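Here it is, the structure, as structure tokens.
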Amino acid sequence: MKADLRIPLAVAAALILAAVVAFGAPHVVGDYFVRILLLIALNSILVLSLSLSNGFTGVFSLGHVGFIGAGAYAAGILSLTVQQKKALLPHLPDLLNWFSLPFLPATLAAGLFAAILAVIVGYPLMRLSGYFVSVATMGFLIIVNVVLINASDFTRGARTFTGVPLATSLPWVLGWLAVTLLVLSRLVYSPFGRRMKAVRDDTIAASAVGISVLRARLVAFVIGAFFAGVGGSLYAHYLGSFSPNTFYFAMTMNLIAMLVLGGMGSLSGAIIGVICVSILSEVLRSVERGFTIGDITVPALFGASQIVLGFLFILIMIFRPKGIMGDRELTFGLSGRSANHNQKEGKDR
Amino acid sequence: MSQLEYIIQQIINAVSLGSLYALVAVGLSIVFGVLKLTNFAHGDVMMVGAFTTVLLIGIGMPFAPAMLCGILASAVAGFLIERIAYRPIRNAPDVTRLLTSLAVTYILENLGILLFTSSPRNFPLPDILNTSWQLSGGAITFTNINVLTVALTFVSLIGLGWFITRTTIGLGMRAAAEDMQAAQLVGLNVNKVIIIAFIVASAYAGLAGVLWAAQAGVVQPQMGFTPLLKAFVAAIIGGFGSISGALLGGYMLGALEIFIVAFMPDVVVPYRDAIVFALLIAFLLFRPGGLMQPNREIKL
Amino acid sequence: MATADPLLRVDNLEVNFGAVRALKGVSLDVREGEVIALVGANGAGKSTTLRSISGLARAKSGTVTFAGTVINKRTAPQIVRLGIAHSPEGRRLFGGLSVAENLRLGACTRSDPDGVARDTEKMFVLFPILRERWKQLAGTLSGGEQQQLALARALMAAPRLLLLDEPSLGVAPLLVRHIFDALAELKRQGMTMLLVEQNIALALELADRAYVLRTGKVALSGIASELRVDDRVAQAYLGAAE
């Protein structure tokens, strides 16, 4: 179908742009903007991976950050040097302590690890609906947190996990973002993607026409978890050091805010949400530190930016619960029309 | 110390902890009953009550009236949350309402950080409540705050029992929890029922918040988070939306946690919370209506 | 046919459920003291008519006037206070509440405890089983007992107009007779009723007049005793199945 080709095409166009940005940006703008750009791209990967289950399949998981955390720790353990392992993780099992993986394989392994975890967790949990699946996945997140804190042979426990090589650069992140976007756009706008959306829109009707609800949800959950694990690895290699609470409710809330603001049923919406929230947070954060205009000194108000974001979030829930994009896609002017619009037109003809 | 004394001590601990869980879970269940809303902000309403109490004690008010004001402050907070955030989205899909309650949590916690910073503050408990009782030559100990917690839990729950069986609005709360439309058909003012349910639930949160902070000895903006999560588990084990279920679940969870800490091997103890939440998931999967509503179906 | 000022007047009522037009301009009136039957096949719009009178369903257009007041913009609780009680399809009792508590909630709009006590006694005369089951949870009653409780709960509001949706549904045949005897007694006492009923014979026996609904419209109306022998009633049923 022509309408379905437009999105990969749009993605390709965006990629060329991204490549130019990736390699050009550091020469043009300062470190600060490169850092923001990198965080936007990184968060885009995380929010996109979240959108697969929460947005497109209607399984509102609160446990997604558990996969990100699992990926971050898995990648961190794999890519520490052998000497670092001996110093920082002296009780690491022999199986893991004699080698060190480069960035890419460590990241792939992290994604795979998160995906396997998602199969195990998702197989029972994807049978639940509504907020029961939300509460159950939240339980999963808490369990991951408890395990990260207590499995100190692997994770150094509540202490900071350090020494991960700072390998995450803008080209790497944009590259992975491109892969994520390509895979997800192919998936979401495929027949299987339509099944996912059918499951979301009317679970009973979907199963009545022979769609396996469990299978659709599980596939979305597992693929989402894979990219969450990849994102976790990128995050780990960006931060270098982190602790179990890096991957907990604050991050959950942040990613959900980005997803919901952008629009839960739209890939471009997810990215738009990330951009909006990131820019807004940066602006608010600089205001929050306190500033002086003429004779007036505004004192630092820590927490104010989150309060503003929270209110914004509630306003969106009340007045625009579908977010900025809703179910529509931005197609970068290639078609000038939304994906849904195209599909509807196709039906009318 | 004999085996028996050890067990009695653990039972005392379990009843004390279970009372706190029950108080929080009852409030959650009241709100879930009438609105079918998992109210994450409930933990922050606890925080409001605890902070109000601490601040009032700080300016010289005695403990008892300060606690009453704290409970009142929580009730007002609950009222405002319902009016401002929840009422506009009352008929929205589950997920929208869940997210809104998360956003309210986010706002209140950060408001707490803004006003009081995130570092813990001392809870100035009067000496009389800190007095400890030693039985069997010190083998069994508990303090007056433990006694007060259990006593207030019992008194307030008897009060709640009276309210929901003897008053029209209390009956209306139970009726609305069962069938909102039928409640409207008999002429119940549903807005009034919901707002009263919120106020009652929030007052419970306030009471629980003060007692929780008093036992912990500190208050801080995120203090409501852990009890909230535990109370979720308690409420779901008991049967979400059922008040007696929340009670049962609260005490069972208290007993389970104390059992793990007191009788399980040391390697297991740090995983206590993981076990608790695994239990939650197991209940959601195999007995979603909890112990009190065995036939409820929420699965596909 | 309509004389001046009926107690209830439904005028050209249209109700949509999403894209489905459930009612396509229903008009009917109920005079004080009358029992009106509303009959028709499944999906003809009988329950929807009752639900839009009692405020559970919102009309797209048309009006509902009760005792001179236009009520179709009012909420269900307000309508109860005006004097319309609705015993809904499927009974919708509060199963976790006792018989006593259900009846108490039925009277929750009233502020005359003496009157409520008197009416409770009346319910015991009309439905003696309720006295026996007084402390029992409504959910544990049999179908027929539940139906009696549902009727009693609606009556406890001391309504001027009683809307009854399928009082014979899910009730053992022997008890159906009993329930309709109670309705006949209510009629004798002067209660105005609008009755939706699948069992046409029973409904037309009790009613003064009847309206036959077919796919969201009034197909036929008239004196109940005449409609009982009218072939067109049966045709309206069969026609709806097309």
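Chains: A, B and C, in written order; residue numbering restarts at 1 for each.
Just so it is clear, contacts are C-beta pairs under 8 Å (C-beta built on N, C-alpha and C of every residue); 3 or more make two chains touch, one makes a residue touch a chain.
Remember, predicted model here, so these are calculated numbers, not experimental data.
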Nearest-to-centre chain - CA centroid comparison: B
Of B-C and A-B, whichever chain pair has more C-beta contact pairs: A-B
For chain A paired with chain C, centre-to-centre distance based on mean C-alpha positions, whole Å: 55
Chain centre separation in whole Å, for chain C relative to chain B (CA means): 43
Between chain B and chain A, distance of the C-alpha-averaged centres to the nearest whole Å: 32
In chain A, residues with contacts to at least two other chains: none
Sites on chain B touched by chain C in the complex: 165, 168, 171-172, 174-175, 178-179, 181-190
Chain C residues within the chain B interface of the complex: 54-56, 75-77, 80-81, 86, 88, 92-97, 101, 104-106, 108-109, 153-154, 157
In the complex with chain B, residue positions of chain A that touch it: 60, 124-125, 127-132, 134-136, 138-140, 142-143, 146-147, 149-150, 203, 207, 213-214, 249, 253, 256-257, 260, 301-304, 306-307, 309-311, 313-314, 317-318, 321
Chain A contact footprint on chain B (complex, rising order): 38, 85, 88-89, 92-96, 98-100, 102-104, 106-107, 110-114, 117, 225, 229, 232-233, 236, 270-271, 273-274, 277-278, 280-281, 284-285, 288, 298-300
